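One structure below.
Every chain is named by a letter (A, B, C, D and E) in the order it is written, and numbering of its residues begins at 1.
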Amino acid sequence: MEMYLYIALFAPIVGSLFAALFGAQPKTPIVGYVTSALIFTSLVASTVLLGAVMDGEIVHVELMTWIAAGDFYVPFGFQVDQVTVIMMMVVTLVSTIVHVYSIGYMDHDKGYNRFFSYLSAFVFSMMVLVMSDNLLGLFIGWEGVGVCSWLLIGFWYHKESATWAANEAFIMNRIADLAMLIGIFLTYWSMGSVQYDVIFAEAQYIDHSTLVTIGIFLFIGAMGKSAQFPLHTWLADAMEGPTPVSALIHAATMVTAGVYLVIRCAPMYDLMPEVGYFIASLGAFVAMFAATMALVNRDLKRIIAYSTLSQLGYMFVAAGLGAYWVALFHLMAHAFFKALLFLGAGNVMHAMDSELDPVKMGGLFKVMKVTAILMIIASVALAGIWPLAGFFSKDKILEVAFSGEHYILWGTLWVTAGLTAFYSFRLIMLTFFGEERYKNFGFHPHEAYKYMLYAMSPLAVLAVIAGWFEHQFVDFVTQMLPTFEFHTHHVEMILILVTSAIALGGIITAIVMYRNGPLSTKWESQFAYKVLINQYYIPQIYEKFLVQPYRELSDIFWKQIDMKIVDASVDAIATTFYNTGEATRGMQSGNLSTMLKWMVAGLVILLTLAVAFSVGYIAIIG
Amino acid sequence: MLEHILSILIFFPALAALLGFVVNKDSIRVYGIAVAGMEFVLALVLWGAYDPSIAGMQFMERMDLIPAFGISYLLGIDGISLFIIILAAFFTFIGIATLPNLKNIKNLIITLLFLQMTMVGVFAALDAMIFYVFWELSLVPMLYIIGAWGGEKRIYASVKFFLYTFAGSLVMLIGMLFMAFFYFQATGVWSFSILEWYRLVLPENIQLWLFVAFFFGFAIKVPMFPFHTWLPYAHGQAPTIGSVILAAILLKMGTYAFVRFSLPLFPDASVYFMFPIAILAIIMVVYTAMVAYAQKDIKQVVAYSSVSHMGIIVLGTFALNVEGISGAVFLMIAHGVVSGALFMLVGVFYDRRHTKLMSDMGGLAHIMPHYATIFGIMMMASVGLPLTINFVGEFLCLLGFYQQSHIFTLLAGTAIIVGAIYMLAAFKKVFFGNVVHEENKNLPDVNKKELFGLIPLVMIVVWLGVYPKPVLGPINNSVESIVQLMHDKAVTQEAKSVIPDLTKKVVISETIIEEVR
Amino acid sequence: MFEAVAFYLFAFLTITMFYITVTTQQALYALTALAAGMIFISAFFFILGADFLGVVQIIVYTGAVMALYAFGMMFFDTTRDVVEKRTSPQMIFGMSTLAAILVVAIFVAPIVSDNITAFYPVVEGVGNSQQIGLVLFTKYLVPFEVAAIMLLVAMVAGIVLAGKKMDRSLTLMDCDDAETILQENKES
Amino acid sequence: MEITLNHYLVLSTILFAIGLIGVMRRKNLLMLFFATEILLNSVNIGFAAISHYYGDLTGQMFAFFIIAIAASEVAVGLGLLVLWYKRNGSIDLDMMSTMKG
Amino acid sequence: MLQPVDISFESLNFITLAPMLIAVVGALSILIIDLIKGGLDKTIYVMISLLFLLLDLGTLVDFAGMFKENGTMLGFFNVILIDGIAILGQLIIVVASMMFLPLALTSKRFHEYSNPEFFALFLFMVAGFQFMVSSDNLIMIFVGLETASLALYTLIAMHNRSHSFEAAVKYFTMGALAAGFFAFGSMVFYALTGSIEINQIAVILKADDYANIGYVLVGTTFLLAAFSFKLSLVPFHTWTPDVYEGSSSALASYMAIVPKIAAFVVAMRLFEFLVHSGVVWLEVMLYVIVVLTMTLANVWALVQSDVKRMLAYSSISHAGFVMAAILIGTTQANSALFLYWILFSFTNLGAFTMLWVSRQKDLPHGQNSDHPFSKFSGMVKTMPLAATMMALFMLSLAGLPPFGVFWGKVYMLSAAVSAEYTVLALIMALNSAIAAYYYLKIIVYMFMKEPENCGSVYMSNASLPLKTVIGFSAVLTVFAVILVNPLLEFITPLVYNSGF
C-alpha cells in the first residue's frame, strides 16, 4: 500500500514539474494531458487506498527525517486513515475534473503551461496537507497551498487587481499561519512532539489552559485558511483568479483545510468544548454574515465565494459542536456542488467574455442549456433540497445545533438556509432566465466545449447522489472520529420539514422576485443595500485602519526614525568630532607667539591645579 | 594534507591573490574562477573529511605565535563553523564566476581572494586574537570593493561601514583583553585560546561587563538595531558581488561570534541579557521589515530584509536551547544562501539597466520569465516557505525561543507576516503589472553565466529545505556540546534552570573548570 | 643685615632691569638692561659664595653672549624702535602673574626635610673655584665633556647656518643647477 | 631679618615670571631670545642659593651647565635668525606663520 | 683642605660610555674627513655614519648581553646609568637612526645631504640622545637633551627653504622655553632634596613621605611641561605639525621616533616613581593629558588637507597613546611602551618614506603644500604597488591587525586593562576608531578616486635605497606578528630588571 500512497502523493508534483519545464513557453497541449493524467493516477491510487482503508488497514509511512534538532524531531511522515482518505478522494477527484476542465478553459491563454504547473503543485500541497501525520507536515501543505493560491490568484499578473488580491490572500493567510505556528510551538513544548498520535494521546494529560491555548491558536490558523471572520476578505477578492482555480482552491479544497484541521484534531478539541462552542458560534455568525453579503452582490463569482464562506461557517458549527463527521460530510458534499457551481460560472464567463455581472446577462438558458442545468442542480444541492447532497449534510448540521440545545445557532443557520436558497436562485434567475439583457452589451455567448461539460458531469452526479451514502459514510469515518449522539429523534421530521420549507421558500421568493430580471435600482440607495454591497465596509476599514497606517508608519520609520534619528545620530557623532576639529584648528594659528602662549597657558593650568591640589591635600592631611 | 587543511583553506586564496598580480588582465577572470573553484573543492574535501559524530573541534592546528602573551595560531572547526566556511568558498566561487564586466576587474578579483582568506580565517580561528585579526582584516577588502566599484555615495558608504564596524570591534577587543587578563589571573598564564577560555567560570558581574563589551563588536557586525544603519548604505552602494558576500558571509560573523564567544563564555550574562536582546531582535525584525516596505530601491529592500532576518537569528541564538541555537546557525547558512541569491538577482537587473529603483521596473515577468521564476523562488524562501531552506532555520529559532517567552516569540513571529508584506509588495512592483518602460521591453532574460550562479543556489535552497539533515546534524551535535557547557558553567541558579541540561551527552565539560577569584 | 640689604637691593635692581628688558620698545635699551641684569645676578652669586659662577656669569653672559647679541642687533638693524603688535597684554601679564603667585604661594613655605644631605659639600677654607674644579672633573666629567660636544655642535651649527653655503638652496633648485653648484663647491 | 632660601626662590620665581612675560610678549625674535636668557638666569639664582644654603656644590654645577647651555643656544639661535633674516628681511615673528591649521 | 682624588680606572666603568663615544668619534671623523678633502659625495658620509652606528649598535647588543648577567651598571661616578630601559632606549635610537640614513640617498639633490656637517651633526645628535637616556642625573639629561636638540634644530634648518627655517625657529624658540621649564623644575627638586639624581630624589622624597607636597607638585609641573613639549603632548604640542611640515619627510619620520623615545625613557624614570608615590594629582594630570592628547590630536588630524601634517597630528596622537604606559606604570605597560614604539617606528618610517619618495622640487600650480591628499588621487591606477604599500602603512597606523602597530596597541591596551584602567582603555580604543577615519581618507583618495596626474610623481624622488627602506618597513609591518614574541621576550626582562 505504501506504493499507492507515494503515487497518490507524488504524482501531482511530477506533473507540476513536468509542466514547469515548459513554463515559459507558449501553449503546449501535452502539458494539460500529462498533468491531468497524473492527477487521475493520483485519484486511482487514492481509490485503491480507500479500498484498503475500508478493509481496516491504516497506512502509515515515514519517508525520511526532516528536521531534527535537540529533542525536536519531525520526519516526513504520511498516514492514510479514514479522514485522510476521504479528503484525498475529494481532492483528487475535484482536481482531476478541474484539470480536464481547464484544458478547455485555459485553451487560449498564453500561460497555459504555467497554469497546469501551478495547479498540480497545488494538488501536491493539498495532498501533503491532508496526508501528513504531524502538524508540521500539515503546515508544509498549509503554506504550500497558500503559495499556489497566491500564484493562481495572481495568475493574470498584468492585472493590478489580481496581483493585489493575490498578495492580500497570502498576507492574510500568513497572519493566521503565525497563530498556527505558535500553536505548533506550544504543542511541542507542552507535549514534546508534533506527531498526531503522540499529541492526541498526550492531550488529556496536559494542563487544560495550555490545551485551550493550543486549541485557540490552531483554530486561528484554520480561520485564515478557511477565511473566517475577520480574515475573510481575501476570499472574495481571490475570485480574480481563473475560475477553475476558484472551483478547486477557493471552494472545494484549500478553504476547507481549516475545517479539516479541526476535524483532524478532533481528539484535542473534544477535550475543550468551550473552544468548540466558540468555533461553532463564529461559524454560525460567518454563515449568516456571508450569506447576507451574497444577497446583493453583482458579481457571479463573488456571490459563489460568499456562499462558500457561508457553507464553511456551517462546517465549523458542526465541527465546533463535536459533530466532526457531519462537518466532514458537509465538506465533501459541498466540495462537489460548489465546484460544479464554479465551473458552471466559468462556462458562463467563458461565454460572456469574462463578464461577471449577472445583471448584464439574463436568458442565457437558451444558449447554454447544459451549463444552466448543471448549475441549477448545484444550486438546488446548495439550497439543501431533498434528495440532493446538500440536503443531507446541511440538515444534519442544523440537527446537530438543535440537538446540542444551541437554539440561537440553530436559528441563525436556519435563517441562513433560507438566504442561501434565495441568493442561489437569484443568481440562477438573473443569469439564465428573464430578458436577454446581454444583447444590449454586445455579447455573443456560446456553450462551452463538450469535454468541459463531460468533465463537469461527474460532479453533477455526485452533487445529486453523495447524500445517499450517508450511512456508509458515517460507519466509515466514525471508526476514527467520535460519533455524535443526536437527541433529536422526536423532532427529526419536524426539523427536516422546517428547514426544507425555508429553503423552498427562499427559492420561490427568488424566482418570483427576479422572474423579470433585476430589481429596480431604487433600493440601491437604501442603507441596508449599501452596507451589504460594501461588505459591511470591512475592506474599507482594513484599508483605512490597517493598510494605510502600516504604509504610513513604514514611511515614518524609514524617513523619520531610521534616517533622521538612528542614522543621523551616528553621523552626528562623526560630525561632532570633525566639527570640533574644524572649530579648534584655529588653535594652531601658526603664530609662534600663540604657540608660546599655549605652552605657558598649559603650565599655568597645571600649576593652578597643582596648587589647588596641594592646598586641598594640606587641608586634609593637616 | 588533512592535518593542515584549514591553513590551506585560509592561505591558499591569499597566496593565489599575490600571484594574481602577475597574471595578465585578460586572463584574470579565468584565474580567479580556477582559484575559487579549487578553494571550493577544498572546502568540500573538508566536509567530506569532517566526522559529524564528533561534537568538538576537528582539524585542529596549533602553532605558538606570541607565547609570551598567550597568542597562538590555533585553528579548528566544528559543525557550527564548517558550513559557513563552505558557504564562503561557494559564494566566492560563484561570485567570481558570475562577475559582470567591470573596470579594473583584476584588482577586484585579487581583492575577493584576499577577502576569502579573511572569511575562512574568522570561522576557523579558535584563538581570540587570530579571530580578531581576520575579523578586522575582512573590513579592508570590503572597504575597497564598496569604495571602488560602488555607486554614487560609495565613499561615504564604505567609510561608514569600515569605521562603524571598526569602532565596535575595538570595544570587543577590550573585552577580549579583559578575558585574557582574567584567565591570566586565574591560571597565571596568558592565553587567548577560546577553548581555554571555555574552562573559565567567571562571576556574574564580570560576565555582564564582558558580555556588553563583546556585544558591541558583534551587534554592529550583525547588525542589530540600532547599530544597523551602515548596512543599507553599504548594500545600497556596493557592487553586486560586494553585497552578495557581505550579506551571505560577513554578517554571519556577528551571529557566529555570539555563538562562539558570548554564549559559552558568559552563560549567566546571556541569560541575564536574553530579554533585552530579544527585544532588540524583535525591533530588528518588525521595524526593519517595515522600513524595508517603505523602500523604493529594490536593493534596499533586500538589505533591510537582511537586517530583519538577522533579528531572527539573534533571537534563536538567545533562545539558549539546542533547538534555538541550531536553528540560528542553520538560518545563518540559509539566509546566506537566500540573501546572497537575492542580491545576485538584483544585480542581474542592475547590469542590464543600471538602476535599482522599483519604479524603473514593473512587468518584468513578461519579459524575463526565468528571472522572475528564480526571483520568486528566492523570495518565497526569504519569506520562509516550508520546504525551502529558510523555513527550517526560522522555525527552529522561533520554536527555541518559544520556550523562553511566548509573547516575544509571537511578536518576533510577525516576521513571517511583515516579511511577506514587503517581499510580496516588492515582487509585485518589479514583476507584475504591465511593462511601462520602453527600455525594459527588450531586456534579455538571465544568461548562462548568471544561471550558473543562480541554479545551484536554487538547488541548495530546495535541497536543504527538504533534507536539512546533512547540515543540521553536525550543527546540532556541536550546539549540544555548547549548551551543555553553558549549563555546566552557569553560576546562578536562574541560568542553570534556563539553560537545559543535556547530561546524556558527554561533552567538553569533562575538562576541568577553574574558578576565578 | 648686610645680606638683607644687599639681597633686596640687587633683587630690586635685577627685577627692574629684566622688566625693562621685556617691556621696552628700544632694542638697545633692552640689551643694555639685560646686560645690567646679568651683572646684578652675578652679584647674587658672589653673595652666595659662588665666586666661580659669578665670574663665569660676567664673562660668558656679559662678555660673550651680549657681544653676540649686539652683533646680531647690528646685523638685523633693530637699533630703531621695534614696532610690535600688541595682543592682549592683560592675558600675558595675567598668566605670568598667576604663575608667579602660584609658585610663590608654594615657595614661601619652608622646606621641611631631615633627609637633605650635601652630596658634594662645600669645604670651608677652600677656594670656590678649586672645589668646583674638583667636582667638575670627577663627578661631572662626562657632562662636562658632553657640554663640550654641545658647544662644538653649536659652533658647527652656527657656522653652517650663517655660512655662505646656505645662501643658495639646493633643495629649491632643479637638478642640473644643483649639480653645477656641487661641482663648484668641489673645485673650490 | 634673615634672608632665607625662600627669599631666593621667590626672587627666582619672579624673575622667571618676567621671563615668561617676555617670551609671550615679544614679537621681535631677537628680543624674544633675551627673554629666554632671563628664564635660564632666574633658575641660576635659585641653584646658587640652594647650593649655598645646603652647602652643596651640585647646584653650582647645574648653574654652570645652564650657562653653557644658554651660550650654545644663543649661537644656534642667532644662526637660525641670520638665516631667516637673509631669506625674509625681517625678524618679526608675525611674519612667520606660513604653516598653520 | 681638599683630599687628593684617587680613582681607579676600573671604577669608571669606561665601557658604559663606549656607545656614545663611538657616535661622537664618528661625527668627529666626518668633520675631519671634510677638512682633509672637501666636496665628497654624500654617499660616503652616509656609509661612514652607518658604519659608526653599526659599531654603536654592536656595543649596545653586547651591553644587552652583559646586562642580563650583571644588572644595572653605573659608570663615571654614577653619572652614567646603564639599565634595561637605557639599553632599550639606545637600541631604538640607534636602529632608527640607521634606518634614517639611507633616506639621504635620494635621486634628487637636497641641500642638507650635500653638507658633510649634516652627518656630523646627526651623529652628535644620536650621541646626545644616547647620553640623555643613559643617565638619571638631571644635568646629564639636560646637557644630552640640549646637545641633541641644538643639532636637530640645525638639521631641520639645513633643508634650506623658507618652511624649514620657520620650522627650525619655532622649534628652537619653544625648545628654549621648555629648557627653562626643565631647569626650573630641576631646581625645585634640588631645593627639595639636595640632589639632582632621580633615584636619589625618589629615595629622599619617600623618606620625607612627600611632606613638601607643594614643592613636589610645582617641580613635577615644570618637568611635566618640559617633557610634554618634547613628547608633543597637548597643549605643548603646537610645534609638531609645523615642524614636521617644514622639515623634510625623512627628518620628520626621524623626529617622530627618536627624540620621543629618548624623552619617554627619561619620563619613565622621572614620573614613574611619582605616579606610584600616591601623588594622585600627577595621575589625574597624566590621565587628562593622555586623553586630551590622543583625542584632540586625532580630531585635528581629521581636518588636515596635507598628508604630512596629518601624519604629524597622528604622531602626536600616538605619543599620547604611549604616554598612557607611563600613567599605568606596570611592567607590562612599560614593556608595551617599547614594543609599541619599535613597531610604530617601522610603520612610521615606511609612511614618511612614501612621502619622501614622492617629494617634488617644484610644486605644481594650485598645490600649496608638499603632499596634499589630492596628490594621491587614484594612485592605485598608476602605481598599484606603491599605493598598496602606502595603504599598508596607513592601515598599520590605524591599528588594523595583523600589521605592526596593532600588536603594540593590543599589548598596551592589555596593560591598561590589566591595571584596571578600563575607561582609559576604552578611550584609547575608541580613539583608534577616530584615527582610522583620517588614515582611511588617504586610502580613499588612492583607491577610490580617479587619478589626477601621471604616476611618475609618486616615485619622483625614488632610489634603490629608499625603495629598500620602504620594502623593509613593509615586510616588518606585515610580518610583525613574528617579531612580537622575540621582542617581548627581550624587552620584558630588561624593563623588569630596571625596576619599572
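In this text, a residue touches a chain if its C-beta (ideal position, glycine included) is under 8 Å from a C-beta of that chain, and two chains touch if they have at least 3 such contacts.
None of these values were measured; they are calculated from a predicted model.
**Student:** Count of steps on the shortest touching-chain route from chain A to chain C?
**Tutor:** 1
**Student:** Of the chains shown, whose Cα centre falls closest to the middle of all protein Cα atoms?
**Tutor:** Smallest offset from the overall C-alpha mean is found for B.
**Student:** Centre to centre, using CA atoms, which chain is the farthest one from chain B?
**Tutor:** Computed centres place C farthest from chain B.
**Student:** Of all the other chains, whose mean CA position lies farthest from chain E?
**Tutor:** Using the mean of the C-alpha atoms as each chain's centre, the farthest one from chain E is A.
**Student:** If you tally contacts for every chain pair, which pair is highest?
**Tutor:** The largest set of C-beta contacts joins the chains C-D.
**Student:** Quick one: chain B and chain C, Cα centre-to-centre, how many Å?
**Tutor:** 68
**Student:** Please compute the C-alpha centroid of chain A, do the same for chain E, then give the distance between them in whole Å.
**Tutor:** 77
**Student:** If you average the CA atoms of chain C and of chain E, how far apart do the two points sit, in angstrom?
**Tutor:** 28
**Student:** Counting in whole Å, what is the centre-to-centre distance of chain B and chain E, each centre being its mean C-alpha position?
**Tutor:** So the centre of chain B lies 43 Å away from the centre of chain E.
**Student:** Tell me, which residues of chain C touch at least two other chains?
**Tutor:** 92, 95-96, 99, 102-103, 105-107, 109, 111, 116, 118-119, 131, 139-140, 143, 147, 150, 153-154, 157, 159-161, 166
**Student:** Where in chain E do residues touch at least two different other chains?
**Tutor:** 139, 143, 146, 150, 153-154, 157, 169-170, 173, 177, 191, 194-195, 214, 217-218, 241-242, 303, 437 - these are the residues of chain E that touch more than one other chain.
**Student:** Quick check: what residues of chain D touch more than one other chain, meaning two or more?
**Tutor:** Residues 5, 9, 16, 19-20, 23-24, 26-27, 33, 54, 56, 58, 61, 65, 68-69, 72-73, 76, 79-81, 83, 93-94, 96, 98-101 of chain D touch two or more partner chains.
**Student:** Identify every two-chain combination in which the chains touch.
**Tutor:** Those chain pairs satisfying the definition are A-B, A-C, A-D, A-E, B-E, C-D, C-E, D-E.
**Student:** Spell out the part of chain E that touches chain A in their complex, as residue ranges.
**Tutor:** It comes out as residues 169-170, 173-174, 177-178, 181, 213-214, 217-218, 220-222, 224-225, 228-229, 234-236, 238-239, 241-242, 280-281, 285, 296, 298-303, 434, 437.
**Student:** For the complex, which residues does chain A have touching chain E?
**Tutor:** Touching chain E from chain A are residues 574, 577-578, 580-582, 584-585, 587-588, 590, 592, 594-596, 598-603, 606-607, 609-611, 613-614, 617-618.
**Student:** For chain C, which residues are in contact with chain D within the complex?
**Tutor:** Touch list, chain C to chain D: 1, 3-4, 7, 11, 14-15, 18-19, 21-23, 27, 30-31, 34, 37-38, 41, 44-45, 48-50, 52-53, 56-57, 60-61, 64-65, 68-69, 72-73, 75-76, 78, 82, 84-85, 89, 92-93, 95-97, 99-100, 103-104, 107-111, 116, 118-122, 128, 131-132, 135-136, 139-140, 143, 147, 150-151, 153-155, 157-162, 166-167.
**Student:** Note which residues of chain E are touching chain B in the complex, please.
**Tutor:** Residue list for chain E touching chain B: 380-381, 384, 395, 398, 400-402, 406-407, 410-411, 413-414, 417-418, 422, 425-426, 429-430, 432-433, 436-437, 440, 443-444, 447-448, 481-482, 484-485, 488-489, 492.
**Student:** Considering only the defined contacts, which chain A positions touch chain B in the complex?
**Tutor:** 23-24, 64-72, 136, 139-140, 143-144, 147, 150, 154, 157-158, 160, 163-164, 166-167, 170-171, 174-175, 177-178, 181-182, 184-186, 188-189, 550-551, 553-555, 557-559, 561-562, 566-567, 570, 574
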